[in-house]
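Below is a structure I'd like to ask you about.
When the chains are written out, they are named A, B and C in that same order, and each has its own residue count from 1.
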Amino acid sequence: MNIEQKIEELGYKLTTPPKPLASYVPVVKSGEFIFTAGQVPLVDGQLKYSGKVPLTISEEDAIKAAEICVLNCLSVIKAEIGQLDKIERIVKLTVFVNSTDDYSKQPAIANGASELLVKIFGDAGKHARSAVGVSSLPLNAPVEVEMIVKLKE
Amino acid sequence: MNIEQKIEELGYKLTTPPKPLASYVPVVKSGEFIFTAGQVPLVDGQLKYSGKVPLTISEEDAIKAAEICVLNCLSVIKAEIGQLDKIERIVKLTVFVNSTDDYSKQPAIANGASELLVKIFGDAGKHARSAVGVSSLPLNAPVEVEMIVKLKE
Amino acid sequence: MNIEQKIEELGYKLTTPPKPLASYVPVVKSGEFIFTAGQVPLVDGQLKYSGKVPLTISEEDAIKAAEICVLNCLSVIKAEIGQLDKIERIVKLTVFVNSTDDYSKQPAIANGASELLVKIFGDAGKHARSAVGVSSLPLNAPVEVEMIVKLKE
């Protein structure tokens, strides 16, 4: 079973690779690394979730938004390299959570992203991560996720 | 025409490499990558733009500030490697925008940085990017930009 | 004198490697680089400092918190690679400071991290750095530090 099949077996679907919101590219392959642009929870060009945690979006929905961000990261990587089985390791995630200034459970939101990656990739999905609260995000997205990935040689 | 000439032809000027605001170095070359420190819009040691978007600085000025951040990134890279033609690819930008907590057009500000890089480097200037809104930045700068660059071998 | 001895001579102590706050790993070694997860000032599983600078924690204490974040980064790296002398260079720090929206002295707080690294590693400790103010951090930590390190070959 390859990674794309694993994603479907888990009940998820790779998104259509979102177009960048502006003048940049969704992913750069450089040496053995891939750097993704920050992904917000766009599905077919529409933001599926928006708001500031926990004021205008619930933690539950923000977790689902973080999952979509990961699927978007994977779909732009797949568009670049052809198949996700070429990934050796998910190296690093940065998860920006649009949150109120007294909110401190960013790790719970970011787990939406992290746990999905481990479900999909197993040990190769275990990554270093920073999760921080930010005052605002593009399009009023609740979460933005960027990823560094290492490819098999 | 080399990259430095291209910058001038576009009507821009490389800044004097800004000194770090504190105990760090402006750029580290490691393997084939260069990592810059986060650059704020300092020109000759003075912050050219300050404020929080859109409350105390306009979007137009914040875009100009983002351009200066890029010129500062390039000038510290040039100070390290001698000439900008050694750059193979602008790999990754992170753009932190000092913004109010209901502002959501960070991509428009970050485009000041991204579009200038593509004008200067062409395809080699197309990069992955994250843009986020933050509650405050050093010196009350409106924008801070950091860059990862890959060198030709 | 090795790096671990140097840390003790400076009057510091490597922390017990903190467990991740959630579903990720504290450090990933990939190629010649190590990426740490974002570290908050946990000591033996307890947050030693919390609050928002300068509202509910002083600059002095936030600087001490930044030092603990660095020690935590080093302790998770040591747990991965065995001894810190294998580090060739501290490449990049990102320092997120939990700050009010009119605070602009993040570099002073981040210097707690940067200066300790230079004391410990000398020239090899000189790194590129971004310091930004964020609206909130996990557990209401005042500072979160992540690190990219290059290993000797």
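Just so we're on the same page, contacts are C-beta pairs under 8 Å (C-beta built on N, C-alpha and C of every residue); 3 or more make two chains touch, one makes a residue touch a chain.
Remember, it's a predicted structure, so these values are computed and weren't measured experimentally.
Of all residue numbers used at the contact between subunit A and subunit B, under half are used by both chains, marking a mostly different-residue interface.
To overlay subunit A on subunit C by their CA atoms, one rotates by 120 degrees, a value rounded to a multiple of 5.
The mean-CA centres of subunit A and subunit B are about 24 angstrom from one another, to the nearest whole unit. Residue positions of subunit C touching 2 or more other chains: 31, 101, 134-135.
For subunit C in complex with subunit A, the touching residues are 20-28, 30-31, 35-38, 52, 94, 96, 101, 134-141, 144, 146. Residues of subunit A that touch subunit C in their complex: 31-33, 89, 91-93, 99-108, 110-111, 114-115, 118, 126-135, 148, 150.
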